[in-house]
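Take a look at these structures.
The two complexes that follow have subunit A in common; it is paired with subunit B in the first and with subunit C in the second.
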Partner chain A sequence: MYRQKYLFLLPGLLVLVAIILFPLLFTIRVSFSSWDVYNPGLNWIGGDNFTRLLADSRYWQALVRLSLLTLATVTLQYVLGFGLALLVWRDIAARRLFRVLFLVPMMTTPVVMSVIWRTIFHESLGPLNPILDALGIGAQPWLSQAGHALAAVMIVEIWQWTPFMFLMLLAGLLSLPQEPYLAARIDGAGPIRTFLSVTFPMMAAISTGAILIRLIEASKLMETIYVLTSGGPGTSTETTSYYIYIRGMRDFQIGYSAALSLTYLVVMIVSLTVIAKALTRMVVKD
Partner chain B sequence: MLEIRSLSLVQDGDTCLDDVSIRFEPGQLTTLLGRTLAGKTSLMRAIAGLVQPDAGSIALDGTDWLGLPPWRRPVAMVTQQFINYPHLSVLDNVAFPLLRRGVARDEARDRARDMLGRVGLADFTDRRPGRLSGGQQQRVAIARALVKKAPVLLLDEPFVNLDYKLREGLREELIDILTAETGTMVVYASTDPREALQMGDRVVLLSEGRVVQAGPPRTVYGAPVSVAAAQVVSDPPINLLELDVAEEGAEVTGLGAVTPADLGRALPPGRYTLGLRAHDLRLGGPHAAHVALTEVSGSETVTHLVLAGQNLVMLERTVTEHALGATIGIGLDLTRARVFDATGTLVPNGADHG
Partner chain C sequence: MTTTKTTVLKRALYAATALCLPAAAMAQDYSSYGIKEDVPGACSFAAIDAKDYSGRTLNIITHAIPVIGEPTALHAQQFQELTGATVNVVHVPFGDLFQRIMIPFQTGQAAYDVLFYASLWLGDFNPYFAEVPQSYQDSSGMMSVTPTYKGVATWNGKMLQYTMDGDRHYLKYRADVFENPEMQAMFKEKTGRDLTVPATWEEYNEVAAAFNDMDFDGDGQPNFGSAEVTKRDDLMFSAFISRVAPYAKHPDVKGGFFFDLETMTPLVNTPGWVHGLELFVEAQKSMPPGGTSFGLGDEIFSFGGGQTLMSYSWDDAFIQAMQEDSPIRNKVAAAILPGAHEVWNRDTGAWDHFDEPNRAPYVTWGWSSAVAANSQNQDMAFDYLCFFANEANTLSDLQIGRFGVNPYRDTHFDPAFYETEMGWDAAVAESYATTLRDIDGGANQVFDLRVPGVGEFMSSLAAGVARAMSGEASAQEALDGVAAEWGQIVDRIGADRVRAAYANVVALEDR
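This part shows the complex of A and B:
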């Protein structure tokens, strides 16, 4: 009789198989095939795709670039998000208005925002360069030089996702107990020491959560690159996801892109697990 | 010496402190006694710098404190709530104020460990406060306050949220520790007259943000200067009876005619209030009173009575079960009553009895 309970698990199990297990197993199988525009199908070629990707410097460069971009943008998002959250945490004028304003970027569709930013960064038609000119800084080759293009991608990412950090950290700040602050004032801690010794450590758990979520999300960076730079100039802003997209959807090298995807998945799982454990160890000391 | 002069504080339209002036002497334990919202916590918060008074001054040995932020004032404070740093170990909690004062880490930890030993927490140094019982958490807060060796130590009803047994035990331990600390000005806030009278070298009675009386505990208890002071310092509550003295005789509302012999003294004509403590009522007497409530506490019985429409409280040093609604005969020893004039001020009699 009790076996019937497993029947109720069946719908969930089917959905799980359909959306996670089957695509994953199929991708594994495809990665061992030569499926491309000339040879469609699951022709077994062993580990040839994996041997090829080991020598694919463009892929590894994209992975390193993605890692650096992710670390830099998430760090800046955290610092800015924390700063903004601290700003509206205490009683300041128009606090509610600021709270809503700071969230606007996150409420906008990423692709739409990227199109708007592309217009802003446009070197001859965009509004940014005339402003920089007027300020005496001079027009910048935002999307036509490698360094500038990377900076442009970072600006858009930070602008788009700092509100997420802001929201998470503000929620954390608002949930902090007030008593330790009273104790800190009596115990001789000024505002800066109170932040370093009370606020920051008490925010460690929520900070870890927010950073991990953003690291996972940022490691999938794709649409901003697609709309803003298309990986260019050259391959200077190409990230792993974008490179896999090019190999799979533009060059139609399905077998090879499946091998790239699987390798990327393993690298991400391993590195994010290591980061998560390191961050968690910092938070839970006892 | 910590001197407070004409301190006033209004918050959200409520007068928390009204022209408060007190002096705290080094090595003295002063108890602030008052009911809830009497101004005890407001006064302590003003001393600590957690609120800015609207008027008046606070000075330590002649140095003005009002311009100093709380973290620059040499004050330690323990509050009603068990306030600790939840993210730090017990040892680091106690070492925290020392580190803020620039004490080297190793020395701070040694001193913290020593203080934790004195409050009986030597075996809990590595735990977080959240994993301790309420009494232990408050010991951590007390250790953190004491380890600073600040010249001013503020204790704002530190044991009020603990159970009776623990409260008694911790209070005795604290007195032992404080006795060893010489030169510290200890200010202890309490709503419990018995506690205040036991603990302090000096008692300051507060009512509605004002100081109504200050002095040695025996003096304050024996001769409360006003009705307000008598109410604050009496537990169980003092019985207040209206007395009318005329040329042709005197009468106490509810009791009838009384003679100067009943009162133990002659009074000029006028309206008075008699303050009669609960232990000055006795079972067995000419007045018939109805029992409204009986509270047995330990070896004592507090009985709430209604006598001719007046509510009275009687304290017996035995356990007595009076049936609710029963009529019992009681006697009132009016010679022991404090007499207050129409303005509520004590009319002295020379006698100073308990």
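This part shows the complex of A and C:
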């Protein structure tokens, strides 16, 4: 009698299938084909693409590099974001101005800002090296040496996304109850003790959320690499997304890049789940 | 359907009108369109003005503005005004252009009638292009395209691309420095020989090193030896091939530069290629700060802005240097790419010595255009391309550096044009036009690897070269890796398929 109620779910389910499931299922199907520039269409080659990617050292190196880059940048973004949030949490002069100012980098377009940063880092025409020279530090090979290029990518990422951490953590700080702080004050706790024993534990849940969101976003790092370094020098800044872009868009290996993307998706789901569980366990324990 | 008397009369009237209109329109002044004067012909402003495409729509895909994208839009607007057609132009960044064209082709959609793209993609796109009709091939504009660029437009004996640009790599240098007695003395003191325009890549590296990190133009800023395109995925492969060509392209050895056409064995790790890469790596010490990650834009502004002594690539840096406001306007010169005294002979497996350096001009890239075979508007599409590339438009486009349209007709190699129309000094115009003409008519030319999967081959090559440039691998190791990858790509595509396509390139090189 009430079976008709499922009819009302149908439109929503169809939209869900069309928007989420169909592209995913299609990607899975494509990953079992050799669709490329000379062999268009969905033929069936079994798991050849997946066998090939197991031996693709450039892909795995890019994945390791991305993991390290992501962990490092998100950690630094968290530390800096928390610091900035703490700074404007309390009553300080021009608090509102600072809150807006700190958000500006996040509101800019990543590709455009990467172009601006590339100009800043430009070793002969950019403004950064002359400033470093004037400070006695000396000009740096920002984009032409592996270590420096990685540092340049990290600087741009941290500059762009620290505001996100700031925003999330400031929202968390503003929602904290005041009673624990009163209790801490009565117990004679100083600012450091108060932070370690009151603020930080109470911020654990929102910190976990913010870190996870940023890890997911950072693991898709692509625009900055594309504009800033093109993966170079050599392959020193090549990330998984950029490598998949090269294989898919430049080389037009649609089938193989679908296999790379799916593998990457699985790796990311597993690792982020593990990280999320670990962080949650820490929060619950505390 | 029967043809009535009235219909016959109407058709006769239309035909008479069509015949009379071009003549009448010739009298019109089209200079408001930015040209100096209309040049009579099948694709002239007057001839196109006489056509009526009202109610019809032409869809064009092209590169982002300004390079090629801007003239595409400009001439589309003009075509629209002249014919009444609706012309839609889609601009796409370079990184997306290939797939934005290829996916509709592969999925059978007639998304675009006219396509602008890199000519080296012909190996991938050729099954989807309409042949240029004979009437357009016989037009005055097309008849004056040089055999080199007609060759680039041709695939298996059919003209599939509509030529509207001509590109090649050549050497650019600061003539004022080379002609300066103080600089000549300084160079002689440093190297023990007279300062000459580099005839080999060894000489190029030597000159670049001698003038590196010094203020050779007295403006208080440091100057550097060489600006080259070195950024991995920013057309670096073309720079590398320019450096390799004279060592690996033996004039007496036929049958392939990238592959041995018979066996389809990659030649990219043979000694000529390895030596070219070693010299490329060595040259890094004479580049400006950041020069080891220069993209094409950086190279253009480094040489064009007066920072470096020498450079080599397409026309852009030279044109930049010759801009009205350039500090080095009329202080530059062009020359054919450096060559090599020692050339690898893969037939004998030995280096052959050439007293006169072996030159191997690299006719690389070039924008091109075509009409989709599944277009329902082929007549209008070819008319548009014919109009885009008519003599009047091209002479105007050549004068605007950012348009990316470069010489490809016999008439474009006349120094007087650059002297009178662009205000260049006679010596500069002579050096530029002569260099381009010599490359165009030169022997031992090297062309792009126009085979299916060229993007994959070049991406692999660039990655290997970048590994050597960054010190991750030696030149031999890096190119051995590239050769192995190329072998895998050939196996995947099918050796016969690649060979059949590559035969077109070899036929051009071995003419």
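Methods note: the second predicted complex is superposed on the first by the 284 of 286 C-alpha atoms of A that agree within 3 Å, B and C clash if a C-alpha of one lies under 4 Å from a C-alpha of the other, contacts with A are read in each partner's own complex, and residues count from 1 in each chain.
Convention: contacts are C-beta pairs under 8 Å (C-beta built on N, C-alpha and C of every residue); 3 or more make two chains touch, one makes a residue touch a chain.
As the structure is a prediction and not an experimental result, all values here were calculated from the model.
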item: Fit-or-clash call for subunit B and subunit C when the two complexes are aligned on subunit A; value: fit
item: Which of subunit B and subunit C A:V37 touches, first, second, both or neither; value: second
item: Contacts of A:T229 with subunit B and subunit C, given as first, second, both or neither; value: second
item: Partner chain in contact with A:H122 - subunit B first, subunit C second, else both or neither; value: second
item: Touching partner for A:R250 - first (subunit B), second (subunit C), both, neither; value: second
item: Which superposed partner A:S197 touches (first subunit B, second subunit C, both, neither); value: first
item: Superposed model, subunit A: greater residue contact from subunit B or subunit C; value: C
item: Three-chain overlay, vertex subunit A: subunit B-subunit C angle, C-alpha, nearest 10 degrees; value: 150
item: Subunit B versus subunit C as contact partner of A:P177, first or second or both or neither; value: first
item: Partner chain in contact with A:A139 - subunit B first, subunit C second, else both or neither; value: second
item: Overlay on chain A, subunit C to subunit B nearest C-alpha distance, Å; value: 51
item: Common interface residues of subunit A - those touching subunit B in one complex and subunit C in the other; value: none
item: Touching residues on subunit A, where the partner in the complex is subunit C; value: 34, 36-41, 58, 122-126, 129, 139, 141-144, 146, 149, 226, 229-236, 246, 248-253
item: Subunit B residues within the subunit A interface of the complex; value: 48-50, 69-72, 75-77, 79, 81, 83-89, 96-97, 100-101, 126-128, 141, 144, 148
item: List of subunit A residues in touch with subunit B within their complex; value: 177, 179-180, 182-190, 193, 197-198, 201-202, 204, 286
item: Subunit C - residues contacting subunit A, complex; value: 95-96, 98-99, 102, 106-107, 124, 224, 231-234, 288-293, 295, 298, 301-302, 307, 452-453, 455-456, 459, 463, 466-467, 469-472, 492-494, 497
